[in-house]
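Pasting a structure below so you can have a look.
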Amino acid sequence: MRHIIFGESHGPVIGVTVEGVPAGLALDLKKVQRELDRRRPGQDPTATARKESDRVEVLSGLFEGKTTGTPLTMIIRNSNQHSGDYDALRYTPRPSHGDYAGFIKSKGCQDHRGGGHFSGRLTAPLVAAGAVAKQILAQKGVTVGAHISSIYGICDASLEDTAELAAVAEKAFPVLDDAKGEEMRQAILEAKEELDSVGGAIECAVTGLPAGLGAPDFGCNVEGIFSQYLFAVPAVKGVDFGAGVAFSLMRGSEANDPFAVEDGKVVTKTNHAGGVNGGITNGMPVTFEVTIRPTPSIALPQESVDLRTGEEIEIEIKGRHDPCIVPRAVPVIEAAAALAACALLGI
Amino acid sequence: MRHIIFGESHGPVIGVTVEGVPAGLALDLKKVQRELDRRRPGQDPTATARKESDRVEVLSGLFEGKTTGTPLTMIIRNSNQHSGDYDALRYTPRPSHGDYAGFIKSKGCQDHRGGGHFSGRLTAPLVAAGAVAKQILAQKGVTVGAHISSIYGICDASLEDTAELAAVAEKAFPVLDDAKGEEMRQAILEAKEELDSVGGAIECAVTGLPAGLGAPDFGCNVEGIFSQYLFAVPAVKGVDFGAGVAFSLMRGSEANDPFAVEDGKVVTKTNHAGGVNGGITNGMPVTFEVTIRPTPSIALPQESVDLRTGEEIEIEIKGRHDPCIVPRAVPVIEAAAALAACALLGI
Amino acid sequence: MRHIIFGESHGPVIGVTVEGVPAGLALDLKKVQRELDRRRPGQDPTATARKESDRVEVLSGLFEGKTTGTPLTMIIRNSNQHSGDYDALRYTPRPSHGDYAGFIKSKGCQDHRGGGHFSGRLTAPLVAAGAVAKQILAQKGVTVGAHISSIYGICDASLEDTAELAAVAEKAFPVLDDAKGEEMRQAILEAKEELDSVGGAIECAVTGLPAGLGAPDFGCNVEGIFSQYLFAVPAVKGVDFGAGVAFSLMRGSEANDPFAVEDGKVVTKTNHAGGVNGGITNGMPVTFEVTIRPTPSIALPQESVDLRTGEEIEIEIKGRHDPCIVPRAVPVIEAAAALAACALLGI
Amino acid sequence: MRHIIFGESHGPVIGVTVEGVPAGLALDLKKVQRELDRRRPGQDPTATARKESDRVEVLSGLFEGKTTGTPLTMIIRNSNQHSGDYDALRYTPRPSHGDYAGFIKSKGCQDHRGGGHFSGRLTAPLVAAGAVAKQILAQKGVTVGAHISSIYGICDASLEDTAELAAVAEKAFPVLDDAKGEEMRQAILEAKEELDSVGGAIECAVTGLPAGLGAPDFGCNVEGIFSQYLFAVPAVKGVDFGAGVAFSLMRGSEANDPFAVEDGKVVTKTNHAGGVNGGITNGMPVTFEVTIRPTPSIALPQESVDLRTGEEIEIEIKGRHDPCIVPRAVPVIEAAAALAACALLGI
């Protein structure tokens, strides 16, 4: 499967075309919609006040409820757009947004309204594509789950068993430990009140992948494949597998995962490697943590430059923005991981 | 350019074929060899006692000292192999090595001697390919540099100016602050004495890339392209751009990089974004940190499984291994980054 | 640029998503529509009686009349569908159509109505994508033109000068010699009357490509790149460059193109090579001929098999089909060639 | 599997690196050598008098006689080089060779000796890679065979049954009808005597591919995939599937392949489609014909241009060249087809 996500935040639609979907899948569109609803704002008071109904429509590749194996196109119509909010900032890029880089790349021709194609809104079609991937994976016994691992330094409980993630997916605020979740919410609301935003991290696990997928080589290794999907999610700035950055503090004797035999199957007693050795799956869950930067759209005054005149200028961002994108990014990270898992399986 | 690295640790040669090298480059083979020498063991007492001469030979793609634009193949002949060291471990995989995953993938047919194709030795041809990439980049004013940012929790000085990295490349132990380097060395030697190993991290910067390269989309975004090259380096378990994992602790007001005008050019006053916004370069140095896990080959007894009988078994790894791979990985990370930078530039 | 064509003949829309369109192109949608109109049935009495309005709509990637550089999605809404015509043939594949192969591939799940995704109708979005490519090429002085070179053995005049093709593009029946065109028309109408169809060939030329594009190697050579685009056009069964199949009858002394100097530029006196030597452009027009098979949908009774029962069965195809697809395929071949030329130019 | 062919005609070696070879294949190197011997000159008096021993050596990816699944590199050492023969032509490109196009592409830096990387000699590593592919295919019941279908207008007997091709592979002059082969030989020797060369065509069949492989879409369709491999063979100027160019002379009622049931399996009574409908295999043999241009290297005087001075000049090509490359190209076309078949099968 390969996919192209298209659309702009304030254009007529956003959508995705997925090529190579296996034929004959009885696609459950309610489940696709359910994933979109998890991502949709308005689920939790910490999110943006924008209303987005985000109803998925299938344009191609589905016939009598089953995938045909030909390209599957899904769209979501845009609405509730306050395009006027953005005109003031057309030539004064918002710090740490894609505005300036996009301006240069597009020779000044990008759709500046609501971030255009760079908007976090474009993660909705990614979630739709990922929801299809999840249904394919389910048939192979592969599941994908994630939780908020930290927000502004407040850490969720450690994930002891990947099975716990199924219940997390049902929560409006997807954490293992709801008390910790409440603390995180407070941190977000405080930031919001101070016209600011906060970052965090998401831990994700893919279970059920057989040992032996991937290769050590460029373009084929498991970490490289996953990271390519994950970094395509806006705001992701780091991807760390297994013990992740803690490896830098470890000795080999701590970091190494001892082998054992369980029910006649080779397993490792720990999973610091995150299910990957030598770029190849070892049969343990593939686990990783992604770092999500604070939402760059904050209401505080910021320093910018007028791209027409070259003058430094102070800007204030209007519009309705998430003070923390992490909770809504959980299903997005799952979607990216599901697509990566399909790629690894040669789907 | 696309490359395929081939060879096994104890086969006749290791090498790389690079397709798409621009024609007409006066390739300085001494500089290629210099990069290989930086990676070669024996530069520092903290490294393995193995002797590897690692002389690069060009088999194709070079004529009268210039690249022809047709595939460039470089090889390094293997020697000083103690293949017998490995026979005992053929069916008892070393924890956290690629042995087990490779065994499954290859249906038991991999070359087990010295890690075969999974050996860290395969980073030598990567360094050779990267040395070619560096010469191409130099013509475009792009430079790549790196330093050890930490080993076993001991941190190097902060990188204030990417220009400092040129001097670091000359050092046997590539750190900014030699006193910190001495502490790191001690930590490595202690680990070695205790038959153990340690992990660390490398910070890398690519300067001179123009703004506007990349795209937010899957397969095109800067972070995704870099990470695909970086995770193809064995032992890399995490890739974090700019402020990296610290983003999870930050507020937007801290994380955002204010714009300014300097010498008529738009810059950012800080570079927490690591030179990338919206998946596109913004003209600032592209910076990232990679986490390097502790060498999995340690002399301490470890738990494994006999893959023939399915019995749990204790193993001891013989052979000569680096107690810390981080110092020798510095030119390898630079090589991977150079290849990624070429990819971004459409070379 | 890479593109995915999506949609089914009797689904809601057909369309294309094009990634990598250069930003800042003032896209002339009238020209895009003009290309679609050239392909549209109803231009000539020899074509199908189906009415298709084929209005192009842009869903993404265009802002204020200019391309943004982000994925460009164009759709055409379907209408005038007689889906009922096809139900009788759902399990009795039409000979030499994609029905049977598609049935196997899709595990019986393809949209059988009107050929579904296999329909010649899917060449409309290809023409739209090609029309964008043509506008990009025009800025670089590259033009693409084609004419019917033969139908059922009746040959058009030889193309002496590629400049003649501009006028051909304006004709409802795109030939150089209208008298020959009239003969071809008669052959088509005779076949139609006899409930049959006829095949033919199209010659295409791409002028203005600089020398030095491509490479001899797999995946990079000019003929391979063009043929990949051309064979993706339904009904194309052969692609032959320059002198084409006549090379098999030639001696080297006839086939070789002598070099000469014209206006200080190296040219060849003949262009038997079709502008390509060693897989690389030589600066002469890239020329090739594609063979278009007779429309497989004919009204005569034909032998099929009932895929449910495995019994041999005679079928009769209802519906409105072109007795010859060649005239309408001319803009389609141009579109495929334009996309290939962009690929060669690294666009 | 993807491969990169490297080397120059007069460099130290020519070779190929193949990535993605399935692990565990007991590679029969004698069969690989046997394929190289079929291609080697000196098998038939019509070929060049150059002596090439063409012994294959494996550098990587093979351990204890089995493929490891890691990149397989095979080389052939060059010898018997008369490099001096080529110095006179360094700046005066041979008509219809890659010399001029290569000169422009490489900015004058290509290895001009013996055609460098553009030499037909580079088909030797292709044959080696194809020989590996054939062994993989054999395990899946897929076979590849070819014969000379015509030389200079003299046609071989029609291929009635693809099983006949096994015997052809044993012949020094690979035709079905040896009497026709003798006529072809005479045509070649006559051309040789007159310091000229001749072209021809090769018909190839791939049997045993299951129905349902491929897709109608760009990048996925069977004809497109095969043609990409075939056009990467130097001197191939046309690729035509099934009835090929004869489709242009046919009516649908002749061209369509009626369905039938044979031994409970759906087949077609004829195979004009060459085993492909809608870009997808239909279970019949995939058949195609490639056109091979006359060898451009002829001893007759020819018109060239001195690239240093821009003056027109007459040249005479020295060296030992095949007056017809078609017989030796038969195993090369089989090799390319075998690699394409593997690609289709997802290997």
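Residue numbering begins at 1 within each chain, and the chains themselves are lettered A, B, C and D in the order written.
Following the convention adopted for this analysis, a contact is a pair of C-beta atoms (placed from the backbone, for glycine too) under 8 Å apart; a residue touches a chain by one contact, two chains touch by 3 or more.
For clarity, every value in this text was computed on a predicted model and none was experimentally measured.
Chemist: Based on which chains touch which, give the shortest step count from chain B to chain C.
Modeler: When the steps are counted carefully, the minimum from chain B to chain C is 1.
Chemist: Between A-C and C-D, flag the pair that has more C-beta pairs in contact.
Modeler: Pair with the higher count of C-beta contacts: C-D.
Chemist: Using mean CA coordinates as chain centres, what's the gap between chain A and chain D in Å?
Modeler: From the centre of chain A to the centre of chain D is 46 Å.
Chemist: So, what's the distance in Å between the C-alpha centres of chain C and chain A?
Modeler: Each chain reduced to its C-alpha mean, chain A and chain C end up 39 Å apart.
Chemist: Find the geometric centre of each of chain C and chain D from their Cα atoms only, then give the gap between the two centres in Å, rounded to an integer.
Modeler: That gives a centre separation of 27 Å.
Chemist: Among the residues of chain C, which are close enough to touch at least two other chains?
Modeler: Chain C, residues with two or more chain partners: 4-5, 19, 69-71, 105, 117, 215-217.
Chemist: Please give the residue numbers of chain A that touch chain B in the complex, ascending.
Modeler: Answer in residue numbers: 3-5, 93, 95-102, 104-105, 117-118, 122, 150-153, 191, 196-201, 211-219, 221, 223-225, 227-232, 234, 236-245, 247-261, 264, 266, 268-269, 272-274, 276-283, 291-298, 300, 302-305, 307, 310-312.
Chemist: Taking the complex as given, what residues does chain A use to touch chain C?
Modeler: Those in contact with chain C are residues 2, 4-8, 11-15, 17, 19, 23-24, 59-61, 63-64, 66-73, 75, 105-111, 116-117.
Chemist: Can you tell me which positions in chain C touch chain B when the two form their complex?
Modeler: 19-20, 69-71, 215-217, 220, 346
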